[in-house]
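Read through the structures below before going on.
The two complexes that follow have chain A in common; it is paired with chain B in the first and with chain C in the second.
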Partner chain A sequence: MEKLHAVGQSAVRVDGKEKVSGAALFTDDLEFGPDLLYAEIVEGPHAHAMITKIDTSEAEKVPGVLCVVTGRDFPYNFGLYMKDRFIFAQDRVRFFGEQIAAVVARSPAAAKKAARLVRVSYKPLPKILNPLDAIEGDASLIHPGLKSYEHVPWFFPQPDTNIAHHRKIRKGDVEKGFAEADHVLDDTYEVPRYAHCAIEYHAAVAKYDHSGRLTVWASSQSPHTQRNLFANALAPMGIRHNDVRVIAPHVGGGFGSKAGVTMEILAAAIATRVKGHPVKVMWNREREFYNTYQRLGVVARLRLGVKKDGRITALHHELYWDAGAYVEYGANVVNAVGLSAIGPYRVENASIDSYCIYTNLPPGGPYRGFGYSEFLFGLESHMERIARHLGIDPVEIRRRNAIKAGDLTAYGAKMNPSGLMQAIDAVAKEIRWDEPVLPGNDEEAVGKGFSLFWKAPAMPPNTSSSCFLKFNEDASINILVSGMDIGQGFLTVMAQIASEVLTVPLSKIRTENPDTDRNPYEWQTVASHVTWGCGNAVKLAAQDARNQVLDLVSRTQNLPKDTLYLAEGSVRCVTKPSFRMALEDFVIHGIQMPDGTFRGGPIMGRGVFMPEYATTKADPETSQGGHPNVHYTVGAAAAIVAVDKKTGKVKVRKIVEAVDCGKAINPDLVRGQITGGILQGISTVLYEEMKFDHRGKMLNPNFTDYKIPTSLDLPDEVVPIIIEVAEPDGPYGARGMGEHTMIPVAPMIANAIDDALGLRIKTMPITAEKICLALLKKNEVR
Partner chain B sequence: MKKISFTLNGERRQVHVSPNEILLEVLRYKMGVKSPKSGCDSGDCGACTVILDGKAVRSCLIFAVEVDGQEILTLEGLSADGLSPLQQALLEKNAFQCGYCAPGMILSAHELLSNKPHPTEGEIKEAISGNLCRCTGYQPIIDAIKSLTQKR
Partner chain C sequence: MAIPYEFHYEKPLTLQAALELLDKHGENSRLLAGGTDVANEIRMGFRVPGLLIDIKGLEELKAIRVTDGALHIGALVGFDTIRASKPIRDHCHILYEAAGLVASPGVRNRATMVGNICSAVACMDSAAPLLVHDALVHCRSLGGERVVPVAKWFVDNRKTCIGGRELVTHVSIPLQEVKCAGAYQKMMRYTGEDLAAANVGVLRFADGRCHVAFGSVGPIPKRSPRLEKHFLEHGVNPESIVRAREMLEKLIKPISDVRASKEYRMHMAGVMLERALIAAGERLKMPRVIAGKE
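Our next item is the complex of A and B:
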């Protein structure tokens, strides 16, 4: 194996100095001058209602107000995978707090004052706040126009119902599989909605200038997808893709919330009504909760059959997703889970029904884990219960069923190479699975829990990444890519890959957040795919640049190209050890020939990556025959918890998590993802809970009432473990792992609590209150 | 409108504010100091933390008129002569991810270390417990601060 000098090093982040010095600029930190306008959004106070009248006359009279815009100004629908969404509500509102109008004014205060004066009349409609109610025969339709919406070919909406998509898996013979089982466990698990809680709000500023140029500055995971969706939605106004420019500064946390298009399109659309002025749309903490994407809730019915030795004979998984009022992005969460809800197991007989169901709650959408945390809560709870029932060690039952390279996935394609077994062994060893854990005192009960995890990027089959790489006079490098550093360390990892190929030190490589006019195409920074996808593009661009360098030196120095190589920023020759040409001597100005003329010119590399083997073409009744997922990243994790028997409060003593990232380009950043993902996972299982009232209004949209962990809520110990079984088409073998780290946390904590108390809790979150009440009930029964 | 004057990052500054203007907004939108961030506007998240007369405070909960005659330090001021040992340690340990909480977090830790150069891990956790971070799981930040206290 080649010796690597940059890849595999725990380099300091390339954006680190900006971030610790206060220099890093986020969207709301940018200056737009004294002509900046402010838009305030008018929201609907109904979960489901027809809009009968909008009166903006009083609002327009407020001094400083330039205009009021409503849905009538923008009768356009848009969406990433299904065009079911509107810039402003059209004839009806479908969730509490939906945007109906916007007031544009010279100051935020004038805009806010006027927004309160917009009078809207409604005719309430029956609202549906639960996915199971939405599929009752007499349920009112949330989207009567469903059958007319454009959507990707791999969605299957059911017209005249509230089911926007149904992903079906039929593999093997499930009836036969259950008949052969020695033990079948049937149960239902519920996982509610969650909020991303990035600390930075969504923010967007847009300017539609007098030449017809639309520039949008946004806190974004998806600058090119935003450009595409803005241009498509606003095409009736004559706006084309090359008129639209999206500039994405630093992002103060994403976790999926800033993927696709949500509130940013308001700024883009409003700007077209105040031509020549920049206009800012800022969300606040409340709107972060109720008017961006939320993680979808799910009710999962699971039936699993096993032989006496624990081997799985059949699985049936029915998932009813609370996808919210608009599912243009969330339906793909449902789809991804439909394809993968066998978990990281070898399951020959499987049926899966994953239903995307409209409800009158805020739009569900991408959230770190993309549905896998949700279905694995049930599946990994189930595995542990079955193991205990059969008297098999919970780790052993997973070893016996773990999927291996070449096994068939739920849709019939072959599983990629993975270090799942190594991960299981490493975690079991580090957590000392075979040794008993002891309570610290009489008040607490202690237990251990285990969980596997897997996840594939959920992407269209033609998802692509690209890179331009250019040298400067001193052989320093600018890498132009359009992936976003949302904290995961993307920019650093791209620089490390280029450094590896071109032997230029990291200190001489600059990678920054993109501008769609200048930087080449990237689909989105989602799906944990950019290290793999964009990493490939950067590697190809660096190799392209290297090739140009070696070509130039070869033809000017009369040396065979295959004897030339790069080392420490110079071209060297294997047959002439004394030969050395430093890159800075020619990468811009070229190489001078004996007659005084020059050869060469600026060296610029180009790289494009698209996984050309992916396809979503498959039988819709079985999902067999396609290759929708490029690969799965897998891992294992275990936890030791101590539960206070009086209060139900859970203390996490230790968590061990091993993830197979193929190759850790920067091990420190991989460990950072594990540490952070674990706490986010702990938070969903132990603390966070959205409360909605009977009107569908969220009651706790703030950090006082919706708790996320502080530095006082940490596990006593977290041990991250890196497994490296190379991905065949990954850069240096790398595959993504950012989302994965939070996926196993909820089931393994549930399993540990069961181990400690003999209590199986099947609905998240597992709060102290819930444990305490369950303990009281259990003791009463005794 | 009232004219107030205070020391901001070592420089005497004057600004006109109305009585209901929040310090965070005045710093960001009237005085061009962008490192204090808004993350909740209700004192929950700590992203707006600044040092006021030596104490870490939430600038979203303070009216600008209250700071008349006082002294404010933000991350811009702390960085003016290069990175402090605290900032250097956080940088080297890759302690932050998205970096949005960093200005507030660093100032809370700065206050702690100014008063107590050798805090325990418990004291470090307590000192930054008002600064929410959604990315890191806090441990890398705590470890970086701890490494510094051991170095001394």
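Our next item is the complex of A and C:
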């Protein structure tokens, strides 16, 4: 194995000093001078209604107001995977709080004041707030135009229904599998919607100048995809891709909410109406909740057949997704789960039906875990219940069924190499699975829970990443990529990879946030794919630069290229130990020849990575035959909880989680992701709960009543464990792991609570109130 | 944070000047102390005044003093100041305990206790401690001083008996003659900051008396004379606590809302009552007096 000097080190973040010192600028920090305008959004107070009239006359009279724009100004639809979304509502609103119009003014106060004067008349329509209601025969249609929407070829909308996509898996013989089972468990699990709760609000500033150039500054996970969607949506106005420039400053948290395009398109569109002025659209905490994306809710019916020894014989998984009013991104969550809802198990007979269902709730979209947290809540609860029923240890039943390299996935492709078994063993050992836990006092019950997890990046098969790498005079390096550092440490890891190849120290490498005019293409920072995908592009770019360096030295020094190598920032030669040429002596200015002329010039590397084996082409009735997912990342986790039997309050004493990241390019950052993911998972299972009233209005779009943990709510102990079984096509063997870390948390906490109290809760969240009322019902508490 | 509503702003530097402004503008004005409620209400457009009178400059309202047999807490005393105050820890430990559970450190740094009882939101943390200590609210207007027992201060959710031309200068808490110890319990959705879905304050005396107050289980926080009589007659013991929890069903009227169901609130009120009684009993046994005089 090659000896590594930069990869595998817990390097300090390259953006750390900038962020700690306050030098880092976020979108709202940017200064745009006195021409800056502010847009305030007018929202609809109905979950489903026709817009009959919009009267902007009073709003336009407010001093400081430049204009009011509505859907009539922008009759365009857009979307990432399906074009079902509109810049402003057109003839109807489909969720409570949807944008109807915007007031553009010289001050935020004037814009807000005028926005309250825009009069909109509505004719209410029947609203649907539950996915099961939406698929009843007499349900009204939320998108009568569904059959006309453009979409990616791997979606299968059902015309004249509220089903925007149906992903089907048919593998093996499910009937036979259930017939062979000694035990079949059939049950339904419900996971409601969740919010991302990034601390920085969405913010976008756009300027359309008099030359026709559209520049957008946005807090974004997806600058290039935003450019693509802006250009496509505004194409009828004559805007082309090279007219659009997206500049992405630092991002204060994304978790999926800043992927694709949501509110940013408002700034881009509005700017075209006030040429020459930058226009700012700033979201607030309330809108963060109800008008970006929410995590989709799901009702999952799960039937699992096993032999007496716990081996799975058949699985049937029906998932009814509450995908909300627009599913341009969320439908791919449904698709991803449809492909993967067997979990990290060897299942020879499987049928999966994953339905993407329109409802009159806010649009569902990407959220850390991309559907896997949702379906694994049921599946991993099911595994634990089956183990207990059969008298098999819950860890052992997972060992017996765990998927191995070469086993077939649900869609028939081979499973990639994985350290799932090592992860199971490491977690069981660290949590002391075989030892009893004791309550701290009479009012406490304690229990342990286990869960496996897996997830694949959900991406189009032609998703690509690219990199330019430039040397400077002193052999310092600028890496140009378009992935986003959203806290995970992306920029640091890219610098480490380049440092590894070029032997230049990290202190001499700069990687910064992108500008789509200057930085090469990256699809999006989503799917936990950038370490893998963009890491490959950076490695290729660095190798390209190294190749140029060695070529130049070879041809000027008359040394065979295959004897040359880089070490500590110099070119060395295996056959001539005394030979040494420092990079800073020639990477810009070239190498001088005896006659005084020069050879070479600036060294610039280029790297492009696309997984050329991926394809979504498959039989839509079975999903067999394609290779839609590049690989799965797997792991295991366990928790010990203590429950206050009188109040239902859960205290997490210890959590252990092992993830097979292939290669930890920066182990501290990997451990940080594990810890952060665990906390986010704890939050979703124990505290967070969205409440909607009968009108479809969210009742708690604030941190007063939508709870995310404070430092006082952390587990007593968190133990992250790194497993490294290399991914064959990953940079140094690395594969993604950022999202995965929260996936096992909800089921393992549910399992631990069941272990403690003998109480199985099948709906999330598992709040203290839910536990306590269930115990009261069982008369087990006073 | 853009506030699209317009209002005037004055910052008087003497109590007299503040009272004159209040006298002139009355109901059309609002007082700004910590501002943690007022700023939100103005931002949301709930209660936008014609004139905002900022009283943060009134030095005489910032004191915590022990004189004349009472602990006096000025209108500008914030919750973090309460947490740092030895006289409050010594003489009204339950208030010290409750202050530590108000919102988050950032809010405690600005929010005042008097502001809390003037906003009079049913879930406030200050009320139960003040109720069990029979605190007095001191109001001033150009017409003079008016003293209101805290038990009569709250009229309805978000409504007190303060006059439109009055401001609260301070709250006084009588020092107890008999050894006593209190305990506060707050129902929270998690350990981090939260508004009380219900709360209970208990003050137990060495002579067997027991004061009990509840918050967030009705429109206003209240003492419970029935329970106090019950404990006086039967003492505080496992049996009397069981009986008290049965009585609770008729004594409080929790509602269901986004924070909790009425069933859970009712159950938790009972659990918290029990735990507060036990905690106060333990504290009462400690040699050092936690509240009141030796």
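Convention: the second predicted complex is superposed on the first by the 779 of 782 C-alpha atoms of A that agree within 3 Å, B and C clash if a C-alpha of one lies under 4 Å from a C-alpha of the other, contacts with A are read in each partner's own complex, and residues count from 1 in each chain.
By our rule, contacts are C-beta pairs under 8 Å (C-beta built on N, C-alpha and C of every residue); 3 or more make two chains touch, one makes a residue touch a chain.
Computed from a prediction, not measured in an experiment: that's the story for all the values here.
Look at A:F255: by the touch rule set out above, it reaches chain B but stays clear of chain C. Looking at the superposed arrangement, the partner reaching more residues of chain A, out of chain B and chain C, is B.
Looking at the shared chain after the overlay, A:K646 reaches chain C, while chain B stays out of its contact range.
Looking at the shared chain after the overlay, A:R388 reaches neither chain B nor chain C. After overlaying the two complexes on the shared chain, residue contacts for A:G489 are found with chain B alone; chain C is out of touch. By the touch criterion defined above, A:Q680 lies against chain B but remains apart from chain C after alignment on the C-alpha atoms of chain A. After overlaying the two complexes on the shared chain, residue contacts for A:S711 are found with chain B and with chain C alike.
Once the two complexes are overlaid on the shared chain, A:E769 sits against chain C while remaining clear of chain B.
Contacts of A:H183 after superposition: neither chain B nor chain C is touched. The intersection of chain A residues touching chain B with those touching chain C, taken from the two complexes, comprises 704, 709-712.
Residues 38, 107-110, 112-113, 116, 646-647, 686-687, 691, 699-700, 704-705, 707, 709-713, 767-769, 772-773, 776, 782 of chain A are the ones that touch chain C when the two sit in their complex. Put simply, chain A touches chain B in their complex at residues 10, 12-13, 15-26, 28-29, 31, 196-201, 250-255, 284-285, 486-489, 668-669, 672, 675-680, 702-704, 708-712, 714, 718. Of all residues in chain B, those touching chain A in their complex are 28, 32, 34-35, 37-42, 44-45, 47, 74-76, 78-79, 83, 87-88, 90-92, 94, 96-103, 106, 124-126, 128-142. Listed in rising order, the residues of chain C touching chain A in the complex are 2-4, 104, 189-195, 245, 258-261, 263-264, 267-268, 271.
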